[in-house]
Every structure is written in structure tokens, then in C-alpha cells.
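Here it is, the structure in full.
The chains carry the letters A, B, C and D, assigned in the order they are written, with residues numbered from 1 in each.
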Amino acid sequence: MLKRYIIPSALWLMATIFIVIAACGGDDDADGTATPTDTGDGTGTPAQTGEGLLATVLDRGELICGVNDSVPGFGFVDPDTSENTGFDVDYCKAIALAVLGDADAVQYVPLTADARLPAVQTGQVDVLIRNTTMTVSRDAGSGLSFATTTYYDGQGLMVRAADGYTSIDDLATATICTLQGTTTELNLTDRLPDSEPLPFVDNDTLQAAFIEERCDGWTSDRSQLAARQSAYPESAGGPSALVVLDEVFSKEPLGPVTIDNDSQWFDIVNWTVIGTILAEERGVTSANVDDFIADPVNPEIARMLGVSFEGGDIFDAGLGVPPDFLQDVIRGVGNYGEIYERNITPIGLERAGTVNALWIEGGLIYSPPWR
Amino acid sequence: MTQDQMSGRDGEKRVGTRNIIEARDVEKWFGDFQALRGITMSVKEREVVVIMGPSGSGKSTFIRTINRLEEHDKGTIIVDGVELNNDLKNLEKIRSEVGMVFQQFNLFPHLTVERNITLALSHVRHFKKADAHDMAMRLLERVGIPEQVDKYPAQLSGGQQQRVAIARALAMQPKIMLFDEPTSALDPEMIHEVLDVMRELAETGMTMIVVTHEMGFAREAADRFFFFDEGVIVEEGTPEHFFTNPQEERTKLFLSQIL
Amino acid sequence: MAAAQGSSASELRRILTLWRNVRVQRFVGQTVFAAIVIYVGYLLISNMSGRLDQIGLSLFPFVDTTGSFPFISVSGDFLNQRAGFDIVETSFGYDYGPNDSYRDAYFTGFLNTIRVSGMGIVFATIIGVFIGVSRQSKNWLVSHAALAYVETFRNVPLLLQLIFWYVAIYLKLPRISNPLDLDIAIVTNKAIALPFVSPESGFGIWMIVLLAGAAAGAAAYVVRSRRQDATGLPSHPGWWALGAFGAIGLIGFLATGLPLETDTPSIANRQVIGGLQMTPEFGALLTGLTLYTAAFIAENVRGSIQAIPKGQTEAAAALGLGSFQRMRYVILPQTLRILIPPTTNQYLNLTKNSSLAFVLAFKDVFGTGSVIITQTGQAVPIIALLMITYLSLSLFISLVMNTINSRLKWENA
Amino acid sequence: MTVAGFQIPDRRVAWRWARENLFDGSWNTALTVGMVVLIGVALYGVGNFVFASAEWEAITANRKLFFIGAYPRDEAWRIWAVIYVLAGLGGLSWALWSRISPLLAIGGAIAMIPVFVFMAHGEVALLTLGSLAAFGGGYAFGKTPALSGRYRNTARTVAVFLWIASLPFSWVLLDGVPTRLWGGLLLTMVLTVFGITIAFPFGVLLALGRASTFPVIRLFCVGFIEIVRGVPLITILFMAFFLLPLAIGPERTILFGIPVTGVDTATVQRALAGIVIFAAAYLAEIVRGGLQAVPRGQTEAAKALGLNTFHILGFIVLPQALRAVIPALVGQFISLFKDTSLVLVLALTDLLGAARQVSAQPDFIGRQAETLLFIALIYWIVAFNMSRASQQIEKNLGVGER
């Protein structure tokens, strides 16, 4: 009889020991000097490490972009066309245009909140553009880099109008639905320590629970709340049955995320975003970009579009992509304002007067100089 | 066994006068198949009755209706003055008065030989533990295997198992014993050890109904003989009548095949 | 081999013979196999480690490798950091808050897994046995309803069933604004609450009295069993034991001055307060796991009842045993022997399946683990930890069930 | 005989049947009445939902999503091609092996689901009927005198190879569309079928390894099997999802100190890898059961004839062992079919994922009950019929009869 336990027990023990020893082996390996891993680095085959993701993406001919598939406005699947659309998705296209010159050369990987950061860490996606908040621990401690913020968001709390809540403090002991594994879950605990968070893995089950009054409040980034509010089913009272409370209790700068050890790739992603902002600032749109290519009215536009200004040299910042990459980007997806108008305005989030307006209009959307 | 039963050695006088089993027009269906088509038969006290017939003739079904392992659909069966019907009280009374031995022994594999014998004694007859043990030992001696008392059925040979099964049935001190082909699952060399026990039992004056194809036993021990076919009694009589002068064609055919 | 006289030919033959030797072949074969396995394992792990190292993570941060004995020290590292997220639903009174560490969070999830699996095992067994016995019912309607149950529940993915129970059943319970208040119980989709008791002064003494009652019950059982053996009269030792325990417990309860206080649930501030509460998330998970597993257990029960030859029942009936006695002394002991191994498998499945809680907002050990992965980025160690956790649970359940099985010796029936 | 209960010839017999089966004693009558009430309430609830309160538009508007996910309509011919090839092969096999016919018939019936559920869609119905024609064509070909007579054994061997070849063929054909677009029932079927067929050889090897007399190999196999079986599938999927790219990812795979180009896996392939690992362990246990069912005498007889170990395994032991476990293998197929729904955690859009996408669409928000019931029906039809088919095979092969 005893035999029946000895074997599984021994196995179990061995499994544990194996993992531990393997881990040590791994550690040694990382610190060591002449191990196979290092040989890999030592040989330094450019295609593998030197040019990193850019080379990989060019080889593959396709960009793998981690996105959301259930937030209207930012990233969701259009039921009519089965295609991914939204603000974040347009930035995936922008990067694909910048690197490959083809807006369709993108493989969208829908990711849950839980899976998104590991997906970047493990190289499953080249870039993550999925309402991800930049925080210091994510940037510094998790092997990730955050590019220029594309949307300045903040956490809000949405309640049903009929319940009569007027401020966030009214919900001090309430049940509040949130998404699992997000910064909003952590912020909520900081802001309302006595509340009962109910963390779901996806927005759909969360909404079902909220409609049934399982929870009293729904906390998320205000952009997502707005998107959800705009699509709130009529059977549950429609958008007017909901109120997003005024207080914003966190800063949620959302932007593309890349892996930490590949600065070239990071730069391409970062400056593609900046390019769309600069284009808006300079009035370059998808409609008139060809006019500007033909006649760049000032040197910065010429530098940005990678064309010669009055017969001068073409400016190449050395990003590793052709200097005229922004031409494709602007022609394909438009400038920042166009992307915003196309995706976010329809869900009811006006831009004027918010932090997401251009800096010259009092907002935070600002482009460093292109030179 | 009472004294007068023991004394009834003489074949002619041994059989009593009272009908201990009376079956009248018994019919039984299995779905659309009619297994018994009107069986009428009575068995007297201390009588040994042997039933023969080809397989599917209804002989097993009939003796199983006597302790109501099968419910009959029509007709009446009266056992020791009690009619078999849906009344649970009658049923339990009859079942503890009628012992049964099965073709497949049906010993309880999870119980020792002793527990097999004493189970019903303690839970139905409410015997003291010591008394039940004594009873078990006495019966095991009677069937000739007292040394097997602590074994499990799987450790015994077929003949030994069947003898335990007989002892188990006898423990309830039944008035009637039913044997449903008790030797047909046994190897030849074990058949006679079981038949010896049965023969001895018949000599003590037990009322027995035996379904068997053992001609030797039938000729020697039986008082009366029935031949079943297709759910009816084809022929009935003494063993002599049967083996020397059967009347019906079907009986003749059957006997010619079996002898 | 005696021919080895030093000549090179015989030396060669000796080596060849050695090579043909079965034992040598076995040894070489296994060594090669082991080497390949170890090398491939090393390869995969060094790759992982290298890749993680690039982005500044380590493969298994629980352990520090140090030069001196015992070479490994479990440091915990990130698991000691403040978790920062809250888990509202905890089990067995375990106290957890957002200021506790990731380790505490993981443990909270672990206890939740144990609670839902434990309760699931109990309920699935009860329902499974009930349905399995119903499958054998002579009543056509009952046996076929049981069949429909089994075929429905086992042919649809559990994950789908869990979502269904949550979204279509538990969330549709009365809302908190319009609760179903049954005086003794409150039913809302925030919680189903029953009255419960909480200890008061004298509780400790009463516990001691209860202990004494248990001892008295055991004594009564022994005495009555002996009497039954001695006299043959039915003495119902089980009932006597229960009676003794109950009587002493009740007297003690009154004597210690009613040491329990009823805790009736109520609604305040849109929350259900007090009493014994069950959240819809836990309810849906438990219902789904229970009904799904019960379908499989029912099939096991049916199979094992059918495996008992009909002759056993007949022989028992022919001896005059009543239907309860037949079940208790003849059928059940034989059934259990056949039933326990496949049922153990179902218990293991239930425990593993409880990880599907991730679709509901119930934090079991897997759910907690995946939150920790997101918050810390430490996928490798957490997945390893999860696997070890589930392996341990599986091992524990097998151990318990095998012990029970080996105790069920025939003679104890 | 419950079947007899349905063949009630006239009223008297019906009444007798009812009395025996439903109203046999007061307890039974009470039970019957109780059950009637219970079933009535349940039927009313379901009926009321299905015919009155449910809005099935969520289903009809999303037919494509449920069946093939985001697979482009223009490329759907690839799927049809695969179905036609499989149907033709199925027909051929039915003609060659009469004994496996239940499985094939059920497989065909499952392929017909789109027609039964979506009669409205003319094109699909036509194409599905076409697959019936392919099936019939294969059958007719298999029944030609040459194949059913002289060359029958050759034909069988060829058919087995065709089946094996049909898998990579199907994958290559389907792969004309990137795997990220695969979804719905298509993805569920791909994961199940490829999962179990790829896992099968590994399962057999593991089972043989576990039964081996070599302690090192046995220990490895026992360890693999028991560890995989001791943890939930979801952790294995997680592992495949997170750790596989780390271990064999595109950049740093090193073999004997030489860097080699690693494998760049998409989510579907990773999920498949996880499923294969999982299924191999369970299949190994099933095959082990089969190995144990082969009497020792078989091996001994083969040894006495002078066969070596490989011949004994290949010609004597494995054929008998595998034949004995066909029903269990089908059972594993069914449970894997249900378990693939867990790829939801990797955000793949299988059948369950499709249902969740539909209930998130603005037009159909909150229509979860309809979508869940609909896919539950699909899962149920497939699983139930497969299990019935396996029972039939069990009977045909005489497995389990002693």
C-alpha cells in the first residue's frame, strides 16, 4: 500500500527539486561567463540581437500588436467587418506603416489585462497598445518601456443615476466592479479602502454584473467608462441611466509599451506617435499630406516628412527606417487629431478643453522638436 | 430437525398429507414473452420434487415465484397457508421459511463464510452472536467443511462454495428448500459432494423442490417428477414412470438427449 | 570470456560481447536517455533564464544560491512586497487586506480553493449518489430524468456552465434595492444570507462539555454493540450514541447559559450585513462544479451498482433480509469498493476545475496567482508555484481516498 | 427494455406499461406525479425562454463568427476544401471498414450542423450538401469491386496513409489565412483534432515508457504523466503561453552552444502545444490501461516465436491494446473538445470566445443567455453523439464483453 504513495511523493519532491536546481542553473548561467547563452550574445549575429525587433518585424513582414478587443473607441472588434478598430488599433497601423509601409501588415493579438504585460516581456507582441498606464514600477521593474502618451486618462467612477450617489465618498463601503490586474484595481483600494472591490477578467461579465446591480459602482479609466456608457444597452436604461462622477482619482497616461532592451525599436514606436502629434500641430492631415510633400512650407515639415526643403539635403534622424516614413503614416491613418476624431469623438468624449487637446490649445498633447 | 421427520426414512410413508405449496394457474410474462402459461402444482410436506425441462421452459422462473424473486402475474400461490401477494409482511415470513440455493452460489464475496451464514441470523432472527456462531459451526460440520469457517468465498472451490450456500440457507431453519440447478456451474468431481449433501437433506425429511438435470439424484431422491416445456407442465409422475415409461413425445425426446 | 588471453582479437570479442550484454545495453541506453532529457531541460531553462535576464527578471526569485550549506535559501523576494489589491472573499476566517504581502494574498486564494473544492466534493458526492441511484429507479420517469441530467451536464463545457450559472441565474436574483427577505434569510444578488450563530461567554466551557458528550456517545456505542452481540436483540448503537451526544450537548448548552448568539442578516447601506453569507460568485462556482462533477459521479455510482451481480440481491432477499438490510449489509459494502477509485478521480478533477473560477470574480489560488503575475511580471515563479500547489492538493486527496479505500476491508462491512 | 416502452402497440399495453413503470405502488405514483410537475415547470421555463423571451437575432446575425470566427469569407473555400477531402476520405473508409461506421456517420452528421441550424443560408447549405456528395463519392469508390475485393488490404493501408497525410494537408491549406483569424467552431475543432492526433504518438510512447523495465525511462514517463495530470489544464495553457516563447522563442535557442533560429509561435500554436502536452499525459494513461488488458500470454507466445521487442510491440501488443481502448480514446476526444474552451484565458476566439464577443456587441449586449445556450447546444450535439458512437463501436468490436 505504501508503495503507492512513495512513488508520487518522490516524484513531487523531485519536481520541486528539479525546478529549484534548474532555477539555480539558470541563475548561474546568467551570471556566468562561458555558457551557451552568452555564446549567443557573443557571436552577436546582427539579425538576432543587434537590430532586435526592427529586423524581426522586417523579416516577418508583419507587426504583432497587442490590443484590446472590447473597448469601443480604443480597441474592439467591429461586428460588421470582424476587424479590429479603434484609437489604439490605429496606432498599431501607424507603426506598421512606419516600418513596413502597409497598414494591413499587422497581426492583432487581443490580450486580457492579466496577459498583456507578460506578452511584451516574453516577446509575444512587438508592441502593446492597449490602454496601458505608465507607472514607475512597470517602466523600471518589469522590463518594459513606455512611449509618448497617446491619451491622458484618469480613473473615474460610474454609478447608476437612480441610486443617487453624488460623490465618490458616498461609496465608501459599496461594492465596486473593476477589472482584475489593472492599476485601477490598486487605485480603488487606495482611494476607498473600505469598499468591496469585485474584480472581473473581462468587461462583458463586469457589465452584466453592473446591470444586475451586483455592484454599486464601476471604476475604470474615464475613457473606458465613457465608451461603455455610450454603448449602455437601452434595455438597462441607456446612457442616460448612468452618471460618471466628477472626481478623477488617478492619473492614467496611456501609451504604447515596448520591451526594455531595444532602444531602436522603442525610438521608432515613440517617434511615430510624436510624428502624428507634430503633424496635427503643423496642420498636416491625410488629405493634404501630398500637397506638403510637394511643397513643404517650412523646414520642420520637410524634416518630418523626409523631403528636401528648397533643394536641401533630406533629413535623416537615424531611426533605422526610411526618413520619409511619416508620409505613409499620415497618409494611412492621419494625424493625431484625425485619429482622435475618428475613434474617440463618436463615443462621446469631446476633446476641446481637455488635457488631450494640443498644448497650443491648452492641453498636454505636445511634440518635441523634430530635428 | 424434529424426531418424526428424522424417522420418516421409509420413502412411501415419509411424505406428509398436507399441501405445503399450492400453485394454481400461475402465469408470468417478461414483457411480451410469456414464461409461465398456467402452472398448477402442489407439493406435500416432506416431499422431494424434481423439475426438469429444456432451458427456457420456465422451470427456474417457476421456483423463483415461490419465494417471490419473480412476481407472478396471474393465478395464486399459497406457501404454508399464506398467499403470496404484495403484502410485505407475508413476503418476509415466506422468505424466511423458504430457503434457496442458486446455480451461481451467490455467496457474499465481502463476508467470511461464517458471516455469510450468520448475517441473516443476527439481522432477521436476532440471534445472539455466540448462538449464531454455534449454528454456523454445526451447519458447516453437517455439509462437511467446518475448517473453512474463516475464509472468504473466493478462497473456496465451487463445490465448497455451494455447500456453504446450502448451509447459509439451512441456517434460517426453513420448512422448504428450493434448489435452482445447484450443480450445473460445478466441475464434475465437485458435483457429487453437493449432491451428497442434498441427498442427506432429503433423507431428513426436508420439503425440497429441485431443478436439476442430475438423473442419478432424481431417480434416488425424488418423490415426484415434473417435466416443463414452454411454460407448461408437460408431464408429471413418479421417477419410475418417467424413466421407464414416459408418455409425451417431448419428454421422450428430452430424456433421450440427456441420458 | 575465459578466452581473454591478451590477444587483441579476443579483447575485441570481449568488448563486443560486453556490448551485446543486455545489462550493458540497458545501462548505456538509460544513461543516454537521461543525458538527453537533462540537456534538453537545461537548454529550455537556460533559454528562459537568458531571455528573462535581458529584461531584468530572474527565473526563480524564491531561491538565492549561496556558496555555503545548504546552498539554497528561500528569500521570498517579491512575495514579501505589499500586494496592494484587496480580496473581499476569504475563507476560514483568514484575515487579509491590501496591506498584506503577495504571499498572504496567495495563501488567501489557496484557502478559497480549498473551501470551494471541499464543499464541492461533499455536495457533488451527495447529488451524484442521488442521481446515480435514481438512474436505477424502476420508475421510468425518474430514471430517464436522471439520464437527461447526466447527459446534459457532462456534455457541455464546464466553463460555459459556470458563466451560465453566474450570468443567467445568480445575477438574476432579486436586487439589493428590492431584496427577497424571508425573515430568516435574505436573498439578493449581492449575497444570500442565512442566520448564523456567534459564540458568547461560556462557549469554551460548552465546547468542553461537547467533547465529553462525544466521549459518552462513543461509550454508548460500544455498550450497545456489545449488548447486541450478547443478546441478539437489535440495539441501535448508532442512535444511542447520537442520543447520548445530543442530550449531553443540550444540557450543557442550557447549563452554560446559552453561549451562542443568533446573528441575523440585515441590509444596511445597500449591503447585506451579518449572518452566514454566500456571494453569487462563490455560489455560481460551487453550483457549476457540483452539478458538473455530480453527473460523472452518478455514472460511476450507476456503473458500480450494476457491477454487483443480481444474484447478490436475490440471495439476500431469499434469506429474508429486508430492502434496507440488503442495501446496508450486502450491496453497499461491495459497491463502495468499486466506486472509490473512479470517484477519487472525480474529486481530483473537481479540485483542478475550481481554477476556472477565473471567469467569475472569485479569487481562488489560480486567480490570485494571475493577478500577482500581472502586478509583478513574475510569470515563471508563479506558474511553478501554482503547479506545485495543485500537485500537492492532488496528492493529498489521493492519499486520503486511498487510505479510506484500504480501510474498507471486506470483513468490516 | 425501455425501448419496448416506446413501441406501444395499443392502449391496453400502454396502460400496462404505465402501470408497471410509473404507477407501481403509492410511493412510485407520488414520485411520478412529482416528476411530472418538476419536468413541466422546467419545460415551461425553457419553452417560454426559447419561444417567447429570447431574441435569436444575436445568433442569426453572427453565424459566421460562431463557425469560423474572423476567417475571411473570401478564403472560406479553404475550409470547404478540407471538409470535402475529409468527407471523401470518410466515405472511402466507411466502405473499407464497416466497423467504424458509427463514428463516421456521427462525424458526418456533425458536419451537417451548419445546414440544420442555418437553413436560411443557401450557399452554405448547398456546399454542405456537396460534402455529402463527396462522402458518397468516397463510399462508391471504396465499394468498387477492385477495392472491396482483391485490393482491399492495400486500399486500407493507403487510406490510413491518406488520413495521416490529410492532417498536415489541412493545416497547410487552412494556414493560407493567419492563425490569429481562426475562430469559432473551426478553431475549437482544429485545437481538438490536431491536439489529440499530435498527442497520440507521444501518449503511446509515454505509456510504453511507463510500462518499460528501464527505471530511468519509467521514472521520466511517470513523472511527466503524473505532473501533467496533477495540475489544471489552465496552468499548462498559461505555461505554454508565457514560457514556451521564452524557452524556444525566436531569438535565443541554443543547441550544443550553437545558436539556432528559434520558433516564432502564434497564440494558436502555443495553445495547441499546451493541449498536446495535456492530452499526451491522459492518452498515455488510457493506452496503459489497454496495455494492461493484453494478457501476458500474448507476449510470452510472441517471445516463444522468437520475435524481438519491437515486433512484439508493433504486431502483437499495441494493436490489441489500442483496439481495447478505442471507446476511452473517443471519451478523451470528447473531454478535450469541451476543454478547449479554456483557451478563452489566452484571449483566443474559439466557440465560447465567439459567444462572448457576440454578447459584447452593442446591438446584442446582455444577450448572454441566448448565445450561451446556442453554443451549449453545439457542444452538446457533438459530445453526445460522439459518446453514442463510441458505445456503438464498443458493441461492434465486442470490447468490454467478457
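The working rule: a residue touches a chain if its C-beta (ideal position, glycine included) is under 8 Å from a C-beta of that chain, and two chains touch if they have at least 3 such contacts.
Everything numeric in this text was worked out from a predicted model, so none of it was measured.
K.L.:
Taking each chain's centre as the mean of its C-alpha atoms, which one ends up farthest from the centre of chain B?
P.N.:
Relative to chain B, the chain whose C-alpha centre sits farthest away is A.
K.L.:
If you tally the C-beta contacts for B-C and for A-C, which one comes out higher?
P.N.:
Result of the comparison of B-C and A-C: A-C.
K.L.:
Could you put a whole-Å number on the gap between the CA centroids of chain B and chain D?
P.N.:
54
K.L.:
Find the geometric centre of each of chain A and chain B from their Cα atoms only, then give the gap between the two centres in Å, rounded to an integer.
P.N.:
Whole-Å distance between the two chain centres: 86.
K.L.:
Just how far, in Å, is the C-alpha centre of chain C from the one of chain A?
P.N.:
40
K.L.:
For chain B, which residues are shared contacts with two or more other chains?
P.N.:
none
K.L.:
Identify all positions of chain D at which a residue touches two or more other chains, and write them in rising order.
P.N.:
Chain D, residues with two or more chain partners: 227, 242-243, 246, 249, 251-252, 254, 345, 368.
K.L.:
Using the touch rule from the top of the page, what residues of chain C touch 2 or more other chains?
P.N.:
43, 45-48, 50-52, 163, 167, 358-359, 370, 373, 379, 387, 391, 395 - these are the residues of chain C that touch more than one other chain.
K.L.:
Sort out for me which residues of chain A touch chain D in the complex.
P.N.:
Touching chain D from chain A are residues 7-8, 11, 14-15, 36-37, 39-40, 43, 45, 48-49, 56, 60, 69-70, 72, 76-77, 79, 82-83, 107-112, 115, 118, 122-124, 202-204, 207-208, 211, 231-233, 235-236.
K.L.:
In the complex, go through chain D and note every residue touching chain C.
P.N.:
For chain D paired with chain C, touching residues are 2, 5, 21-22, 24, 28, 31-32, 35-36, 38-39, 213-217, 220, 227, 229-235, 238-239, 242-243, 246-249, 251-255, 262, 334, 338-339, 341-342, 344-345, 352, 355, 368-369, 372, 375-376, 379-380, 383-384, 387.
K.L.:
Where on chain C does chain A make contact in their complex?
P.N.:
Residues in contact with chain A: 41-43, 45-60, 62-63, 65, 71-72, 84-86, 88, 98, 163, 166-167, 171-172, 175-177, 189-190, 269-271, 280-281, 358-361, 363, 367, 370-371, 373-377, 379, 384, 387-388, 391-392, 395, 398-399, 402, 406.
K.L.:
What part of chain D is in contact with chain A in the complex they form?
P.N.:
Residues of chain D touching chain A: 61-62, 64-65, 69-70, 178, 180, 219, 222-223, 226-227, 241-243, 245-246, 249-252, 254, 256-259, 264, 266-267, 345-347, 349, 356-363, 365-366, 368.
K.L.:
Across the complex, what residues on chain B touch chain C?
P.N.:
Per the touch definition, chain B meets chain C at residues 67, 69, 92, 95-96, 98-100, 102, 104, 106-112, 115, 119-120, 122-132, 152, 165, 168-169, 172.
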